[in-house]
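In what follows, structures are represented as structure tokens.
Each of the next two complexes has chain A plus one other chain: chain B in the first, chain C in the second.
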Partner chain A sequence: MELLDVRNLRVTFQSGKEEMEAVQDISFTVKKGETVALIGESGSGKSVTSLAIMGLLPENGRVKDGSILFKGGDLLQRSKKEMQQIRGKEISMIFQDAMVSLNPSMKIGKQITEGLKYHKITERRNLKQEALRLLSVVGFTNPSTVYHQYPGQLSGGMKQRALIAMAISCEPELLIADEPTTALDVTIQKQILELMNEYKIKTETSMLLITHDFGVVSEYADRVLVMFGGKIVEAADVFTIFNRPIHSYTRGLMNSIPRIESPQDYLTTIRDSAVENPFYKGRAFAPETYSLELKTYYSESELVEVEPGHYVRFFTEKEGVTQTWQNL
Partner chain B sequence: MNWKLFKQPQLLIGMLIILTLLFLSFGFQSFFTMPEEVKYLYDEDGSMIGVAPFTPTEVPPFGTDKFGRSLFHLILKGAKYTILIAFGIAILRVAAAGILAVFYHHYYNKLRTVLEDIIESTLFIPSSILAFILLAPLTVHQVQQDRGFTEILTIQCILLVLIGIPQLLSTFTKDMAKIAEKEYIISIQSLGAKPFYVYWKHILPEMASRFVLVTAQQIIQVLILLAHLGVLLIFLGGRSTFTVGDIFNEHEVFTTKTGEWAGLIGHNFQEIMLKPHTLLIPLAFFSLTIFSLNLVINGIQNHIQPTSRGGRK
Partner chain C sequence: MAKPLIEVRNLSAYYYNGKKVEKAVEGVSFQVDQGETVGIVGESGSGKTTLGRTLMRLLKPDYGEIKYSGTEITHMKEQQLRPYKKELQMIFQNPYESLSPRMKVGEIIEEPLVIQKMFSKKERTEKAFEMIEKVGLPRSSYGKTIHEFSGGQRQRIAIARALIMKPKLIIADEPVSALDVSVQAQILNLLKDLQREYSLTMIFISHDLSVVHHMSDRVAVLRHGHLLEMGEKKEIYQNPLHPYTRSLLASIPRTDPNLRHIKQEPIEVPPQSPHPPQLIDVENGHYVAADVIEIKNFEVSERKRLEV
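Presenting the complex of A and B:
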């Protein structure tokens, strides 16, 4: 049974009188003990999806449609109080920038035990002991020193470890890691990811890993969802995605990774300049966007299962209004 | 806020001046003896050579008021009332606005439609005019209904506290909104923190230095407001009325019951052209207190933003 089942989720943001759809009709599941990676470029809707799951969208954001089923119950139907009970205890989140995700004026030890205090999991007199245990779990060799330190006294990697300790303090069933290693250097990235993976395997925690790094995905994910422009453009297990990518965007992303065995003078970019144009209303990654054709076509797209478990977004047969570039 | 704040020299100098004034005021009975009122000065022959108020050169150190009372002693005696009442009003304003700001910020979307325009509109009314309109009827009540000193003082303080709340409410709500947007607040919410826990443990402590700063600013505002009200003959604790002059020129004079400085300004205001020292001396002490508080504020600001203000961290 799926632990998390997101169905037809649409998230919009109000900007003045305009409503912008940041997440457009996405569906996916996360099974128990599974790591699902949400990959895509900045602005593709990955973080918004995670915030929608947590019920922590900014004030101008709202879930317009869809459902988020967690252990069979719809999170969107839960009251604020019920969501407070779920957050931290059953679903927890690791944020991308540890530099700003810890309260700079509160000692690490106190911050780590915040979740335990809210959910009254540990007795007050045992909180310190539990904090020290958590600090050792995330790899601190001197937990009692770190306990009394402020975030400003820790390095980036140490802060990220502290954030992980906070997130796992209540032993949640689902851990959402929103680009947990983006702000770290490569060697520390590896340590942090290993730490999360070890914890995940040991406790059979499910993980929704949000990243834009295919290297991270290849090593730690079981299934991959590639997002672009608020939509899932391709979804498959990690081996299929790497061996047989179909969507132009997925292939473009993979080609962007520099390869040590084939040196290049320049880095490869995703060859679809049309998508950079905010006024472009045609079909992104359609053949015409790679040609000199002056026409754009409107048509809906949908995820099609091309082989068992491998979904790719294709344009539907029905083509919409044709326009020339000049009219756009 | 931490104890490093007290390493700021400006803060220490400002606090030293204020504490000295308070110390001398509270210890007035021990350190000083109130001199007799000098209404008339006579020469060696017994001829009258002057009538109060006397200038600082005639009766050192600060001269006298129109009743012949030593301004030096009056000012020291009144310092505790002036400074403590200003402190009290400022602290109550900040405390009340801080608590209300939590609710206003939390229910901002619901309350905004009703309260935002009201709050914003009150920001543009000069507080001295608003205070005069609200406090003037109390003076009439005091005479007509024989209201007690404590009752009048309490009502005046409550009204002066209320006058300052809308502005602070607006300021604090904006500050809270800025802090609430910080990522660590979202991180804490993702652990299941209840909204009021977030305010109590994270937002309000982060605003602690700001509260101290705003309190110091409010004390200055209250002192200025009291000085304005003094000119308008509104004195804290009410006023005593004396009839002076002779049958050809009889008129009423109002004096403060507490001896606070605004009262000295108020009842000496008519002397501004002839004996300006009666007004300038209390004003100088108002200025000294405000200057000291500005030193305190600068000290706090240097502590909060050391590098942007040219200080060392």
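Presenting the complex of A and C:
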């Protein structure tokens, strides 16, 4: 049994009379101690997926279909109250923006002890001691000072550390980190990611890492799910994804990052990658035209296992359509 | 040799908050030659945006001087500045905030010409259409408002607006930071194309070391308002001397999981001195901030490098 097993998840959003499917039939698992990265651009559905797992979808969003099995039980069948018991204790989440996730009018120490108290993790008289310990785990050299400070008195990186201290306070089995370092400077990003990774390895916590950054994925993920337009288009272990990417979108995303070690005069855009991709040969995938032309001329396959553990979604030309990629 | 288009000497820009003085930029000197792209990298609070705005004279410097094409423009009044402002244009980070939501795209692009009272109305419209095509948008964009456009398209509109003045110098402040990676690549390619076509001089400000590497000929490293290191791109990235530059480079996540087992040890960065540093030329225009002790260290490592 996997720790997290998401099956055929569909999430829709209602805006006015229209219903938009943000997550379209995705399935994946996270094993104990494993870091799975969900990578994609804005609108790919990666954050919506994480919110659905946490049971924190906004009012106009709902899970239309599928199941989210956590330790074998379906989270979607839990009541609000049961979810409150699970959130923060068994599954906790680190958001991108610590400014929003921390209560600005409550001292850091209190915010950490609240969680411990709510989930009855620590005996009352040991609360403060435990909070101080957590603050030093996340790298504060002066935990007792930070304990009495308000979020506004901390820098961006320190706030993110405090947030991590809260997230790990109840020793969750699954940590969901949604762009945890995107708002931070590179030097701080590195410290925070190293910290999270060390903690994860030491405690065998599982992690679902949501990011747009292939660098972060290559340094810390075990397995990678590439998302586009609400679907997983490619999935494999991190080495396979980087050494043998197949889907044009995956290749395109990787090629469009400027690299210091192998500079190019011009960056390859996703469209260029699609044209050059030997795996597709005229059945390429073009994000710009995805929604309109592609749907008209191509049908999408399910995820196909091309080698053990490496899944790719293919496009095939619809019968009777002579339109080729070049004409799109 | 190329002539300097912009020269900055001992530039300082402070923010006053009651009795507190925040020294956003202090004692910064450098020059940008005609036709080159100088990248300015720094983390938050490094003063990179303040520096860009001061060069545009959107902010008044507290000390130092700015020479544009040999003329000092540091203390010029708005009226005198006008002819220079034509030649300097800026592209901002957030195309959601920097473009008016009420105006039509055509009006946004033409506006700088209107302000500078250039050309007839008909000519301005023609030029706007020309720019719209140049940045890769359909002509029909002219009559639309910006809420119909995506982030990348909005940044194209901002670029069209900056280029309609046929500027000599573009200051781009984090122009792709708000964009998705795939869109970022398109905008960077567009900027490179246009730069070649118009022989633009560019100051490219960003926190992203990979993007700065991609765009620049020379690179300047800013930290807490001080310029710590500057030189040819190759020198800065392959032979960084200042510990801060080295720590920045060591923090970039590598895009190859096969390198994962090679641990990158964090580099200790000494606290910054309260006074702006002196820059020394180590070799061929590679400048680094150093006090006497550090210079000795650099010389040693320099010799070591040559022996290898």
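As a convention for this text, the second predicted complex is superposed on the first by the 280 of 328 C-alpha atoms of A that agree within 3 Å, B and C clash if a C-alpha of one lies under 4 Å from a C-alpha of the other, contacts with A are read in each partner's own complex, and residues count from 1 in each chain.
Quick note on the criterion: a residue touches a chain if its C-beta (ideal position, glycine included) is under 8 Å from a C-beta of that chain, and two chains touch if they have at least 3 such contacts.
Everything numeric here is computed off the predicted structure, so don't read it as measured data.
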Clash or fit (per the criteria above) of chain B with chain C on chain A
fit
Examine A:Phe95 and indicate which partner it touches, taking first as chain B and second as chain C; both and neither are also allowed.
first
Determine, for the superposed model, which of the two partners chain B and chain C contacts more residues of chain A.
C
Is A:Leu75 touching anything from chain B or chain C once the two structures are fitted on A? First, second, both or neither.
neither
What is the contact status of A:Ala52 with respect to chain B (first) and chain C (second): first, second, both, or neither?
neither
In the superposed arrangement, which partner chain does A:Gln85 touch: chain B (first), chain C (second), both, or neither?
first
Quick one: is A:Ile26 in contact with chain B, with chain C, with both, or with neither? Answer first, second, both or neither.
neither
If we overlay the two complexes on their shared chain A, which of chain B and chain C does A:Ser105 touch? Say first, second, both or neither.
first
Quote the smallest CA-to-CA distance from chain B to chain C in the superposed model, rounded to whole Å.
9
Please name which positions on chain C make contact with chain A in the complex.
43-44, 180-182, 184-186, 188-189, 192, 207, 209-211, 213-214, 237, 247-248, 250-258, 260, 266
Complex interface listing, chain A residues touching chain B
54, 56, 59, 84-89, 92-93, 95, 97, 100-106, 114-115, 118-119, 163, 166-167, 169-170
Chain A to chain C touching residues, read off their complex
41-42, 156, 185-191, 193, 212-216, 218-219, 221, 238-239, 242-243, 252-260, 263, 265-270, 287
Can you name the residues of chain B that touch chain A in the complex?
109, 182-184, 186-194, 197, 201-202, 205-206
